[in-house]
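I have a structure here, written as structure tokens, and I will follow up with some questions on it.
Chains here go by letter, A, B, C, D, E and F, matching the order in which they are written, and residues are numbered from 1 within each.
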Amino acid sequence: MTYSLTDTLLKIWEMSGFANATWQQLVMILVSFVLIYLAVVKHFEPLLLLPIAFGMLLANFPMTDLLAGPLGDQPGGLLYYIYQGVELGIYPPLIFLGIGAMTDFGPLIARPSSLFLGAAAQFGIYIAFLLALALGFSPEAAASIGIIGGADGPTAIWLTTKLYQDLLPAIAIAAYSYMALIPMIQPPIMRLLTTKKEREVKMVQLREVSKAEKIVFPVVVSTLCILLLPSVAPLIGMLMLGNLLRESGVTERLSKTAQNELMNIVTIFLGVSVGAKAVGEKFLQLETIKVIILGLVAFAFSTVGGLLLGKLMCWLSGGKVNPLIGSAGVSAVPMAARVSQIEGQKANPSNFLLMHAMGPNVAGVIGSAVAAGIFYALFGG
Amino acid sequence: MTLLEGLQVLVIGLGTVFLVLIALSGAVSLESRIFNLFVKNRKEAPAAEITAKQEEVTVINASAGELKLINVDERTAAMIMAIVSDESQIPLSELKFKYIKALD
Amino acid sequence: MTYSLTDTLLKIWEMSGFANATWQQLVMILVSFVLIYLAVVKHFEPLLLLPIAFGMLLANFPMTDLLAGPLGDQPGGLLYYIYQGVELGIYPPLIFLGIGAMTDFGPLIARPSSLFLGAAAQFGIYIAFLLALALGFSPEAAASIGIIGGADGPTAIWLTTKLYQDLLPAIAIAAYSYMALIPMIQPPIMRLLTTKKEREVKMVQLREVSKAEKIVFPVVVSTLCILLLPSVAPLIGMLMLGNLLRESGVTERLSKTAQNELMNIVTIFLGVSVGAKAVGEKFLQLETIKVIILGLVAFAFSTVGGLLLGKLMCWLSGGKVNPLIGSAGVSAVPMAARVSQIEGQKANPSNFLLMHAMGPNVAGVIGSAVAAGIFYALFGG
Amino acid sequence: MTYSLTDTLLKIWEMSGFANATWQQLVMILVSFVLIYLAVVKHFEPLLLLPIAFGMLLANFPMTDLLAGPLGDQPGGLLYYIYQGVELGIYPPLIFLGIGAMTDFGPLIARPSSLFLGAAAQFGIYIAFLLALALGFSPEAAASIGIIGGADGPTAIWLTTKLYQDLLPAIAIAAYSYMALIPMIQPPIMRLLTTKKEREVKMVQLREVSKAEKIVFPVVVSTLCILLLPSVAPLIGMLMLGNLLRESGVTERLSKTAQNELMNIVTIFLGVSVGAKAVGEKFLQLETIKVIILGLVAFAFSTVGGLLLGKLMCWLSGGKVNPLIGSAGVSAVPMAARVSQIEGQKANPSNFLLMHAMGPNVAGVIGSAVAAGIFYALFGG
Amino acid sequence: MTLLEGLQVLVIGLGTVFLVLIALSGAVSLESRIFNLFVKNRKEAPAAEITAKQEEVTVINASAGELKLINVDERTAAMIMAIVSDESQIPLSELKFKYIKALD
Amino acid sequence: MTLLEGLQVLVIGLGTVFLVLIALSGAVSLESRIFNLFVKNRKEAPAAEITAKQEEVTVINASAGELKLINVDERTAAMIMAIVSDESQIPLSELKFKYIKALD
């Protein structure tokens, strides 16, 4: 090996990103800049989109070997190891553990019929699935695309990892972006599908929920859901464990760590490594555009599903249910519930729907986890 | 997979989601009803509880206390209890400490 | 593959827990409910029993594959991965790191003879070991059962993982349950073995311990213990590292993380995955009943051991040592020390034994770790 | 197997550390005591030196198997698993994530010429490299030794793990010790190389840096650095991700976890496992002494490099730059900047160089990461 | 393993636990005694320290304080100092803050 | 590797470090200049700020004292010193801060 000046400089240049960048990588770097902009300036779910965008940036610099697996004696790249938590399906359930520890299911317990809305608002999942099939995607890919309509990042990531990893970054980015865009996506649909009179409906106050009910709730939900649909165990199980740690009142320190430090650590790792899968050659495909469009369709039809059942419940209850709370069933907690609140108040300034929308809202988390479990049972393994 | 099969997946999938969530809804209602029964039976419960409380107090009087230490190590707590007892000239057996909590 | 309605519904039903549950699984689900009840309502060491109970619940839902190892391309189940930290012996030492960072060994340093009581109160370990042998258990199983008498969860889990994993959940549950039951197990034995006069003994105040002594203590203990008994290194080493981080005064941020977030994360993982080992077919055996009974025996005889040496020290010191502090030597920090306090005060309302009992109490942690190290040296590897 | 009393006691003795200690192990235990003393009493970078020293202590107790890899069914030792994060190059980038989240690059952005000083102060790296070559070290070892002059612990550990693991503990200890000794190493050199007049130079106040500039900065730095030098991606990438999480203002919870709990956990693991590599037979070599001497040379010449360019900048700017800020370019944040401040004030009591020295100081972190990347590109893989 | 062997394990095991913990007890006692020696030699040390303290105090008097901020950010601390100074009509140069600590 | 080759590594290595950091310096300057363009368009806001800054400058220039900053960034520290000085009407040259320390 000779270390002549020119040779070495040449070697360094030849191994630099400038000499090796493909156009796809350069485009992806620009895309990551746009995502960073959206996360930081437009506040698009920054907690996940910022790490995703940065992961995408890192993964598209040429020659870094960040994603390379181990080779003989040589260990793998940093993002290869961090990605293992995604690959092995570990991070999304841990995020759900934190979400469970952060979620108050009280409004849902006070009005169990919220769960119907949380079911109806999964409608978009299946519409998008069908359209994806029609566009030529495989069933596995179509299911992964459809799950965007669940409006739940960890669920979407979990299912896609199991069924069709190639689409992981596109689906994750679409899911989180549309969650951030809920305040723009939902209101037009809400106004289109409901009458002013419906939107003006005031709902009776929710009853008080006892501590005991809240403690038993996670046990009941996990038992019933997982018995009915075993494939849903990692998601619902961890969600409900987190909720039990929260509500039991005797494990506060575990609950706090689950919803703060553990969740933050996992969020950083999950975001960066999901973003890192958005390597140029795979991401810059027509498929990605399709995914992004189908994702929007999924969100829209999930909103529609929730609203339509809301209208039905309004009618059946003799006008006691405001259909606007139906759209909150898509989950996207708590954004979608806030949208219901805002639209309700626009129709009737003294209307206060937030608490009523929180029921369907948290039901939607369970709903999309169940939908993911069904897809996994049908197409996984 | 044909579109027809896809449609079946739609029906089955959404149907199952509904089934599961309706089942859940039933279970949660049932749970609430059961708890409500208990609550009704315990309409006098608060009263009973108060009695229990008083018994507890008596017990505590005889035993210097059921003591919760919050963020306080026992050494400090012991010191505090001893100091309070000493300063106030009340024997420890007659002092009730509900809890000793560190502000930190 | 056909997706006819009835076929698919049938498939979903056939794969559901309802169609596949064994009676053992159903019993275990009920057992887990009981444990959740004990943890939440009866406050049985909830920080660990609640995760254990929930892990048991999850693991006994049929068809979830949560514990399945990786198979070819297919990654393993969530609990399989989380369990690795138990399997590889990583979690218990990390818990000890946190315990070390939380423990003030001052009372032990002020009265080093506390260590004798911490040794004597391991008596039950060996009695239970002997009885287990007599009941036909292998030496490895008997040692794992005996260690319940150490009244130290992480130590028991660590040793059992090394010697006889089949008994892991039974032993862990017994250890934590009996630790919670210390206020019921110990007092009768204490009153039986001591005279009222002995229980009335007031002890002279402990001397002040300097900061320097506290800093040197973990170094001395780890050096001496690990040189004498190398197998004890992971437990004593981490316990003392945690204590050094605490006492050094220059690594406060590390000490805080060790005793809070790191410990909480590990506690959740440890609990859930230990509980997950309680799969019906293995747990619902006569052996489990035996373990639970032997565990109680172990606790009782450890209490006896500590008390008897306490009486001896009382006699030798001319009545300066209250034998009630002996029972605190079982560890179960700080519950056992509080029991000594309460019993002492019942005999003599002006008696304040708490600080005096803390010495044997923390000595008991070292004592049972040493006992575990000896068992591992004899039967491990 | 017979369990006769004498046989078993003999067996325990034969397996004890006392019967098996080599002189090297005993010496290393003493060395670890000295390091603990330096960390606790002399405050030598205790956050890392204390875990390193304790790891060294643990690893040199005989017969513990703490570092043993898995063998057949038998899992490996605790420190073997904790060490994987070093072996696979995971911990140092995670530490950099935390450092990035803690670092304010404002002073560097306000005066980009600080970066020149951050480059010049890597001079010692190459001097030490050259001397190490002259002393017969291989290029890989020489590069690892040289990087001590970068005055950055994680960078040094990262590069050494990639190039020459045998020297890891010596290099890590030297790096952290000399960082703690910066207030003793630098001042004599500073006074030797600068005139009183130079040291008296007051610098104009730095301009205000906008939030937007601070947000764009990590993106710019990572893009440019990693495109130029792909091998630097794990270090610079994570450093800049941490900084972006900090400055973006929308991911505060991630930034806080990155700089606190995550960093503390990794620091404990990194320290203990790096220290554990200091096993007697390998550490007690002439090479270690050489490393320690060369490390000092590296620090000294890095200081010289920074100061000389500082003098040049002083001269070129017509006396507007105080050359004392050059020595801060070695990094060792924020110690070296404080030394600049103190020396400046000794020369002129109204001189306030701290903010001006922070620019080169943080530039030095980037500078040594780049130097490490170059070494890795030349000798790695 | 026969019960007799088990009994031997009991004797050896408990014996070793005692041996190790008695050794520890000795070591800890020894450690304490050594430290006590130091402390005795330093009987004047406290005095010296006090002198040092007083000098420090003087310095502090002239310099508005050695300030420890515990769980308080600097902005808040500055505000507190300013407020206290203002409220008490004592110039900051004559105020001594030992530490400012957040109770949370 | 011969020493001559080593010398080449020195030249190349240090040269590349300089190249990369000079490039960075250019990029950061460029970035700042672009942002300044934006800022100029938004003129009035900075004006007030600059005034404040200048006071700070004066104050800091007059300041003395050896200051330890523990977990505090220097900018914040400078601000605190300025605020305290300003609020208390004591020139910084007469205020001595021993250290400013943030615990988290």
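Heads up, the rule we're going with is that a contact is a pair of C-beta atoms (placed from the backbone, for glycine too) under 8 Å apart; a residue touches a chain by one contact, two chains touch by 3 or more.
What you are looking at is a predicted structure, and each value in this text was computed from that prediction instead of being measured.
K.L.:
What's the call on chain A versus chain D, same or different interface residues, using the half cut on shared numbers?
P.N.:
Different, since under half the interface numbering is common to both chains.
K.L.:
I need the rotation angle between the copies chain A and chain C from a CA superposition, between 0 and 180°, in steps of 5.
P.N.:
120
K.L.:
Using the touch rule stated at the top, which two chains are linked by the largest number of C-beta contacts?
P.N.:
After counting contacts between each pair of chains, the winner is D-F.
K.L.:
Report the chain pair from D-E, A-F or A-B that duplicates the C-E interface, where duplication means over half of the contact pairs agree by residue number.
P.N.:
A-B
K.L.:
If you average the CA atoms of chain A and of chain E, how far apart do the two points sit, in angstrom?
P.N.:
A distance of 48 Å separates the two centres.
K.L.:
Between chain B and chain F, what distance separates the C-alpha centroids? Give it in angstrom.
P.N.:
52
K.L.:
State, to the nearest whole Å, the distance from the C-alpha centre of chain A to the C-alpha centre of chain D.
P.N.:
39
K.L.:
Rounded to the nearest whole Å, what is the centre-to-centre distance of chain B and chain C, using the mean of the C-alpha atoms as each centre?
P.N.:
The separation of the two C-alpha centroids amounts to 24 Å.
K.L.:
Hey, what residues on chain A touch two or more of the other chains?
P.N.:
Residue numbers touching two or more other chains: 3, 8, 12, 228-229, 261, 374, 378.
K.L.:
Could you pull out the residues of chain F that touch at least 2 other chains?
P.N.:
1, 6, 9, 12, 16, 103-104
K.L.:
Can you list the chain F residues touching chain D in their complex?
P.N.:
Against chain D, chain F makes touches at 1, 3, 6-7, 9-10, 12-14, 16-29, 31-32, 35, 38-39, 46, 49-50, 53, 56-57, 60-64, 66-69, 73-75, 78, 93, 104.
K.L.:
Okay, in this complex, where on chain B does chain C touch?
P.N.:
By the definition above, chain B touches chain C via 1, 5-6, 8-9, 11-12, 16, 62-64, 67, 73-75, 77-78, 81-82, 91-93.
K.L.:
Enumerate the contact residues on chain C facing chain E in the complex.
P.N.:
For chain C paired with chain E, touching residues are 108-109, 112-116, 118-120, 122-123, 125-127, 129-130, 133-134, 138-139, 142, 209-210, 212-213, 216-217, 220-221, 224-225, 228-229, 363, 366-367, 370-371, 374-375, 378.
K.L.:
Can you list the chain D residues touching chain A in their complex?
P.N.:
Touch list, chain D to chain A: 87-90, 93, 97, 215, 219, 222-223, 226-231, 233-234, 237-238, 241, 244-245, 248-251, 253-254, 256-258, 261-262, 374, 377-378, 381.
K.L.:
Contact residues on chain A for chain D in the complex?
P.N.:
Touching chain D from chain A are residues 3, 8, 11-12, 15-18, 21, 29, 33, 36, 39-40, 43, 46-47, 50-51, 54, 57-58, 61-66, 74-78, 81-82, 260-261, 264-265, 267-268, 272.
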